[in-house]
């Protein structure tokens, strides 16, 4: 790559908690001179028809790297979008929630899950980005927004988003360098997320780990509420409980960060204007 | 309009807190049969060059209604995008933060602010959607995400997002009906937001109003930190204080909602599958 | 049964959260004239040798009903104690945590779990009574006590203990009446517990349900920390995270009860002096 | 003592907050090879008849050391049990709440309280282990369990239980060594408890001290509610206030521990497998 | 009394928590046309010399009613001031903390405390207005202010200040009417304060009662820290614990008020412009 | 000055949050041998008639320094009092809230605000000491007291009161020394207050700064509620929101102090018995 800015495309099909801010994650102060970002979205829907338009726009953009974020990456909409991107020769990294695992793993002859991914494709699986409580008696635009705010808080304060950031920083840098590119193929487990969180206080790390575990467990409750129970007197409490669990997880994640504040040890990893990742802890210092 | 789905485009240039979830706000369960949504984004940047590409894609989509969301709508990037949309004959509603006011008002001969808006253009000004503390020593992707989570929580839990939702529901319904369309030209003041919040308990309403007032006041502190103070020992405390104010506002907004829960009086306004807005309070009931 | 008091024996082998207060649960004010309670305990241990002594004492007591509480009821210690009690002709109800399920269910020919319980034996399985984080670097007597305090808070405030109480009240009354006795064979799921919680506010019920789900999920984290990971740098964060999750669950359970207080709707189910269960909600009223 | 395990008996007559976990306190991970524990309980009652059975069983066990825990140790039930244990030649340590002081002190000729204890008897008085609000309109099994959870939290997090642990560790070690045994005769005042708490941060110590003082003051309020006021409109608020005070104390105790977590300075005193007491603070380290 | 405004004098000698706002309590919006208030203060000191000046000024003012507020009303300073006011023929009501009781009660021949008060003198004793932790290592102007803020919060939110207000409203009205005046001679116990609090929710009342009991118990801890312990390593933790107890009490008092807010049942007792006391609960209504 | 004590007068006309404790601020333990303090107050009122009496008394006292505290110092009452003090040759320092600025600044020919203060007059402007929500439907003595408690908490915990203390310590010392006296003419901005707060943790400082900014913004909301809106359905929510904002600010200020406690770094600035200001941080140490 020469002087031209790196072209990053984000293709969002449907919504998971990591999606809304993904196109902002690498240029948090909008001052990177080395990066152009474009996002293409199908709104909340992820059926095939809804996905084809933004996918076509995305391909037309001709990015150096495409992030494809969606729930359940095994569904036809995201799957065909993924294929189209690869067919167009675009380096692609998929981000998905827990159920997306099915898209990237299959059972081998011995019944073990093994990775099964096309060349040129990387992925992040975020099992801690749980399904929303999508029942009409419960979920309106307000509740939807609150749930996403809580997911964002959990993913950000614990380190899950930073792990994604760091891997993307690395990949972009490798692509820019023009050599071999090692695409991430990574399940962002609670443990790995907390490692990227860079906590100095071990109880802060434990609280972050706890928050992520709770968030991951939300999925079982909301899924049961959305898909298993058909009686409103049973599914309404479940979806409501799922959101209460997440609110609790967000509070724990906030507690973790407050502990780091108490020690003036909050890790920050801003980007320099030329895109290189910086790092700092003590609030009064410059990132280096 | 006939049987075809309504085409909604969301053009996001740069980021304000209301932006990340805007394309999801009208189809919160992804089950509306009457609505197709597409979003086009320039990432965090909003200079003219960054804005032109997504604007062109958006025009090509040919939407029935375009939402153009950006900070400071008076800047060249959003201004030219707005003009291009109007030139293309697209019905457009701009959403902006407090500084965006300059784009829609000007002083008349007597020095009074009067509205100054092109035909076919509506707007929402959200003064409670404050500027982020964009200093490299402070703002990294994690802090950026946490700030936006808090803004979303404030805007959602207090009623600000619902006011936007309700106006958009109305406009879409009017466009579908084919008659005259009355575009919103509205400053979403704290008071108007709380009215849309539909609180049953007056102290919940007071807390929501307090949260929005604090959020609105964040802007003065972060702006001073970003633009006025040039000494790091002075601007770091300011941007950090701005985020602490917002965290406090988010907590108050949460308190307001918890009070409504205590009375089983949380207002919910989900969309039916055909897009008609519904309403309910007691958790166990169906929306009607 | 004639005038003699009902003889209740509680045999505690090892410890789960429901155990410490079990012998007090049916005579909360120590004023029941119809009930004699005795508890026999092996302390923290539950190997066969440790269990035999208290079991023998318990049999010698000659109770009308024996509650046998232990973790993992499938282990040799509790299993032989259970057998000895049944051999002695004592009506016995076992209480155990999630892993105890193995003692009462087995796979049938089609591979489905079916109940497999001796006559004269009832059971409660409490999957929400999770394993403690039993690592020497983490667990000392203080941490052990705090964990149990949080488990008790979760089980009590959500309704799990009340469900046990109500079933025992029923069984004792049936035994006293001298007719047929229907022993409980019950997995105290989060949903069933919350139903016994008798919440009037649906958000209180949702918070209780959330608390129980979190508590249930603690087990996976502490088990991994105790049995799977062997590296202290990996298992210490896990057991600490498990306890943080539980602390969070206890806070949610407390929130649920506070919501009921806000509506003066806390359900109370005290025993009368003659042992009959009473019920009340408004704090100022008499139980009836 | 040779290779045989040390035999510890815990005789619980009625209930105070320190009782439920007392038999677990010295073997918190159930892995001590040097210790056998047995507990004998009369349930909630402590009249003479209820006490005689478990006392007899306890004597039959033939322990090296007996802990006799009860409220108000001056009542006939605990008093006769104590005498029987001493008559049987068993080394005995009584644990009691504030009113138990009467059993171990008497006024001398000058009207001063002086210790008055039989040889071979030690005691702990826990004035911070307050009476429960035992009124039928208020206290049901759920409220009883919640109160005990709060007492346990206060006693554990502040250091009161650790002081008991440390004294028992010392006594057991002295008995094992076969030399002279110095039995504890100790009022576990708030100050002494906090000293055993081993707080590194002085505000954590102050909060712990505050929590214990509040807990100690609960007794006056619940006693007034249980014994002085006979009008339900007067005693219900009192017993409810007593439990609110304790809930507040538990929160303060939790705050104290959270402060220690913030400094990674939580003192832990686990037992090794051979029973020797260990000690550590930084979470990542081994106890030594 | 004719048209002239009622002249109220407040003489403050030293400081208790009820003092700082006492002259504002009866004219909370500064719009009473019927009332003139003057306060005279000796600052923090209450020795005889410090008291004589403000007392003389107060007498010179010639009030219709004098409130004399001080700690320990039995000390020479307040005692002589009281006598001087009575000698001058001024109707006087003393307000004091717990130790002030000695000024108004004495033992009779049978050793019972009986009231012993001069004609023309009323009093309020506020045992819940505790002594501050007056040790130089701990108490600076900041800590002093924070302690008083917490005392004010406890006294106001629980009803203690309202009881004083209501009695003063009554006395002023009786003096204005010109008939017999019944002066208050009242120990503002926790129970009486909560009754004046007018709580609608019984748990709010219980929390208020708990807050007052904790506040009352602070005195024993701070007094011990100030007067009994002379070793800094012992008295510093005590005075710090006393302030932590009070902070906890203030939080409980706040919780009580929040519960009332949740039910829109906060009692308010504002004064009309003509001084008559009004009353209201629902926030949206007018006082009547 | 010789051996005679320094005579400090505090003249309070009406009420702001800084007023109630001002006469206690310099003698927090009532043990200064070098200082006599007297306060003179008009109660809540500040019209000219109400002010004249206490002003005359104050002048008669003949202080070495007078502090004149009032809201809106530009009103006739405080203005004439100020003039009378200066005419009497008394060194005077005024303390006022934000609107008081008008009394000490005027526009120069170029329209810029320039200081305009008489010789011998100093001032403090406290913009963070906001107007109360003085509407009869909302403000009763209880709510008034709670608001002032919250203001005191904010001003004390953040450093605003310490800045006043330090300036007064300096001025008194200069007057005592008999040389030139430099009177403070100071707007106590949030930034200056936090600097005096002496926070060691930068997040504590940020929280304190946030608390002060919120407090400062309360004024706009309560003023609008008191003076602009005349419809009760509009002004009641505003004054209630103002008090909720302040409650939130008080909580943030408390959080700031708790962070300093966590680091045992609370700055304390007590006075020695001879009046010299001391300083300390670690709780266990002596001030020096």
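Letters are used for the chains, namely A, B, C, D, E and F, taken in the order the chains are written, and counting of residues starts over at 1 for each.
Assume a contact is a pair of C-beta atoms (placed from the backbone, for glycine too) under 8 Å apart; a residue touches a chain by one contact, two chains touch by 3 or more.
Note that the structure is a prediction, hence the values are computed from the model and not measured.
*Asks:* Which chains sit in contact with both members of the pair chain B and chain E?
*Replies:* C, F
*Asks:* Call it same or different for chain B and chain F: same when shared residue numbers make up over half of all numbers used at their interface.
*Replies:* At the contact between chain B and chain F, which are copies of one sequence, the residues are largely the same (over half shared).
*Asks:* Pick out whichever of the two, D-F or E-F, is joined by more C-beta pairs in contact.
*Replies:* Between D-F and E-F, contacts are more numerous in E-F.
*Asks:* Averaging each chain's C-alpha atoms to get its centre, pick out the one most distant from chain B.
*Replies:* Farthest chain from chain B, going by C-alpha centroids: D.
*Asks:* Have a look at B-F, D-E or B-C and name the one that copies the B-E interface, over half of its contact pairs being the same.
*Replies:* From the options B-F, D-E or B-C, the copy of B-E is B-C.
*Asks:* Averaging only over C-alpha atoms, locate the centres of chain C and chain F and give their separation in whole Å.
*Replies:* Once rounded, the distance between the two centres reads 58 Å.
*Asks:* Counting only Cα atoms for the centres, state how far chain A is from chain C in Å.
*Replies:* Taking the average C-alpha coordinate of chain A and of chain C, the gap between them is 39 Å.
*Asks:* CA centre of chain A versus CA centre of chain D: separation in Å?
*Replies:* Roughly 50 Å separates the two chain centres.
*Asks:* Which whole number of Å gives the spacing of the CA centres of chain A and chain B?
*Replies:* 23
*Asks:* I need the residues of chain A touching at least two other chains; which ones are they?
*Replies:* 202-203, 236, 240, 262, 283-284
*Asks:* Which chain pairs here would you call touching?
*Replies:* A-B, A-C, A-D, A-F, B-C, B-E, B-F, C-D, C-E, D-E, D-F, E-F
*Asks:* For the complex, which residues does chain F have touching chain B?
*Replies:* Residue positions touching the partner: 190-191, 194, 202-203, 205-207, 209-210, 213-214, 217, 220-221, 234, 236-238, 240-245, 248-249, 251-252.
*Asks:* Spell out the residues on chain F that touch chain D in their complex, using ranges where they run on.
*Replies:* So the residues of chain F in touch with chain D come to 261-262, 264, 266, 282-284.
*Asks:* Enumerate the contact residues on chain F facing chain A in the complex.
*Replies:* 201-203, 259, 262-263
*Asks:* Which bits of chain E are touching chain F when the two form their complex?
*Replies:* These residues of chain E touch chain F: 8, 10, 12, 14-15, 20-21, 23-30, 35-46, 50, 53-54, 57, 61, 134-146, 148-150, 152-153, 155-157, 161-162, 165, 232-233, 236, 240, 247, 254, 257, 268-272, 278, 280, 283-287.
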